[in-house]
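Both of the next two complexes hold subunit A, though its partner changes from subunit B to subunit C.
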Partner chain A sequence: MAYENPSEYINHHLTNLTYGRHPDLGWKLAESGSEAAEMGFMSIHVDSMMWSIGLGALFLFLFWRAGRKATSDQPGGFQNAIEMILEFIDDTVKQVFHGKTGPLGPIALTIFMWVLLMNSMKLVPVDLVPFTLEQFGVGYQKIAPTTNPNVTLGMATFVLMMVVYYSFKVKGFGFIKELCFTPFNHWLFIPVNLFMELVGLLSKPLSLGLRLFGNMYAGEMIFILIALMFSAGFLLWPLAGGLQFIWAVFHILVVSLQAFIFMVLTVVYIAMAHEDH
Partner chain B sequence: MNFNLTFIGQIITFGVFVWFCARFVWPPLMQAMQERQKKIADGLNAADRAAKDLELAQDNAAEKLREAKEQAASIVEQANRRASKIVEEAKADARAEGDRLRKATQEEIEHERNQAREALRAQVAVLALAGAEKVVDASVDEKVHNEMLQKLASEL
Partner chain C sequence: MDMVYLTVAIIMGLGAVSAPFSISLLGSKLLETSARQPELAPALQTKFFIIAGLVEALPIIGVGISMYLIFVVA
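Right after this comes the complex of A and B.
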């Protein structure tokens, strides 16, 4: 690999393929991290978007096909596997959310499977896809979308939107009243209450997104460091290989656990939106 | 790794995925699962019912069998009674017939005996006459003594 030093290698691995409007150069693919940074908000991480949409579409396609062929007679192996996941999600949702779950099941399923697939991309060796694509002239590639805070915070924001939607749907105007008059039930305290409630409201999805991002980013970082060990001479290869294996095995747990946590917390937040203080 | 449009794009993508999942993915799978649950429940119920039916049928069969046995026993008993009755009747008939035959035979014997006696009597009369003729050595006028001879013969 043609990297001058480890820090360049790491930086390269942590840079997204970015398309955006450069202040001086107009709309283009960023050719370096600094160029991408100069683009500011008016840019998009092509790799994150493509991988996340691709993986989400894969999940939806597989489940949709299973649903189309679904029979109430003896299910085949694939349908069995899908139904196992569905039942697991449905049970979890029903444990957290009492009452008619409505669209909560599909929401939880989408979150769980999508995040799981996106996280799983970390188990692909760090250099495999970026290096291959580099041969075709694609400079940067981060294949695990959840190591991108834009992705996780975007999802968390959608969760926030759902929480606000359900709060209004269930409580109507009472939601505003709740924001203004708890915990101190006096009109003088409205600004204080509003501030505290809004912080509480916003902190939930923020922590949701940052938790997922933090776990995935840290894991990715370790993978990159282990990969770096391979370039430190073949004497270290067995050690690096062993470490990578152990870390990957450990990460199978982290990957699924984080997906599960994201899903459960989303359901919990939406369930809380249904309850009065 | 700056904050950019990816954030917005992700919100939209997420929304579309959730909509698609809720519209096309979740319902058919859930429906299939619920249908299967119902089928299994129905099947179990049917099995329960069948077991109950079977028990009932077995009870019924046992009852029928018992009845049949009773009936058979009564029929056999009746037949036995009938048979003994027939035997008795036959015996009685045979006895009557025997009596009748014996009586007829006796009458015949009586009749024969009487005939024989008559014949004998007649012979005796002749013999006696002949004897008397010899004894008296005189001719006895048959016409004269016939009466006496008849009397004698009847006394034999």
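Right after this comes the complex of A and C.
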């Protein structure tokens, strides 16, 4: 599928493989971005779902196998790596959250590893997977799920649900009282309080999800632009190759940093849900 | 339709002005404190990265949205 102009190449690499109900063509795989847009709500990004669920399963399998074969007398390299990650996350959670952590450790571990795996999919060269899949007739493929706003905002919404659940679990009805009476402790100010508190409550997951999406989307965009340079003539190949390498090395930091921040903020939000003002 | 490019320029420009200011402020405080108390350097380093990530949030969201505007909308 040769591309005449660069923007078509970029657009191709930015559209997800969507399967949905087209208003007049019925249930089908969308052949083009516009078709996918017309499907509107009744469509699902197959590639993001597959990659994210697959990576989640990979994470669970790896840690399950490490857990099952854990031996204290002669731990293998694999087990050391897993233990290192566990300790790293454990003391981060302990620093942030001083109460009885309960399921908070596993939650933080799952979020960190899952987001890390999903983000690291971006380090795979841009054209490797989409091009090979094209041979099998799969038109579009975006391999990094976190470059899809639905995925990141979906995870952020789940974090919001956890925060609300823990608020109710710890503070019970007090959570509603806190929402209504926090800044101005008088029933007359309830609408003002509610507005301010709800905005504060909802802006947290929104910024959480959009931060991850923004970083990964911008990074992916730079990778695509660099990949475009390869098509710009023989002289530019070493430059583009060097640039791709530099950006990939820098991006390893961004990938792990964003996963770490997503995890730390989740723990912080849940910890805030536990304390009452 | 070329208003999009103007909006993108404004979004990324303002992001590019604000983010370096805050990161440089953070960096200078980190170096200053690490120089004063070297044993705290590693702990400060991790906190520096967390806060740098938080500070980078809005400019990067701006960059993400502006790239979305350029390539998907226009």
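Structural remarks
Assume the second predicted complex is superposed on the first by the 276 of 277 C-alpha atoms of A that agree within 3 Å, B and C clash if a C-alpha of one lies under 4 Å from a C-alpha of the other, contacts with A are read in each partner's own complex, and residues count from 1 in each chain.
Keep this in mind: a residue touches a chain if its C-beta (ideal position, glycine included) is under 8 Å from a C-beta of that chain, and two chains touch if they have at least 3 such contacts.
Source: prediction; values computed, not measured.
Of the two partner chains, subunit C is the only one touched by A:Asn11; subunit B is not. Contact with neither subunit B nor subunit C is seen for A:Ala271 once the two complexes are overlaid on the shared chain.
In the superposed model, A:Glu83 lies in contact with subunit B only, and not with subunit C. In the superposition on chain A, A:Ala30 makes contact with neither subunit B nor subunit C. Shared-chain residue A:Val163: touches no atom of subunit B or subunit C. A simple residue count on subunit A separates subunit B from subunit C, and the partner touching more is B. Contacts of A:Arg68 after superposition: subunit B is touched, whereas subunit C is not reached. When both complexes are overlaid on chain A, the residue A:Phe260 reaches subunit C alone and has no touch with subunit B. Of the two partner chains placed around the shared chain by superposition, subunit B is the only one that A:Ile44 touches, whereas subunit C remains out of contact. In the superposition on chain A, the residues of subunit A contacting both subunit B and subunit C are 14. By the touch criterion given at the top, residues 14-16, 18, 20, 36-37, 39-45, 48-49, 52-53, 56, 60, 63-64, 66-68, 70-73, 75, 79, 82-83, 86-87, 90, 103, 105-107, 109-110, 114, 148-151, 153-155, 157-158, 161 of subunit A touch subunit B in their complex. Taken in their complex, subunit A has these residues touching subunit C: 7, 10-11, 14, 33, 207, 210-211, 213-215, 217-218, 221, 257-258, 260-261, 264-265. Subunit C meets subunit A in the complex at residues 49-50, 53-54, 56-58, 60-65, 67-68, 71-72. On the subunit B side of its complex with subunit A, the touching residues are 1-11, 13-15, 17-18, 20-22, 24-33, 35-36, 38-39.
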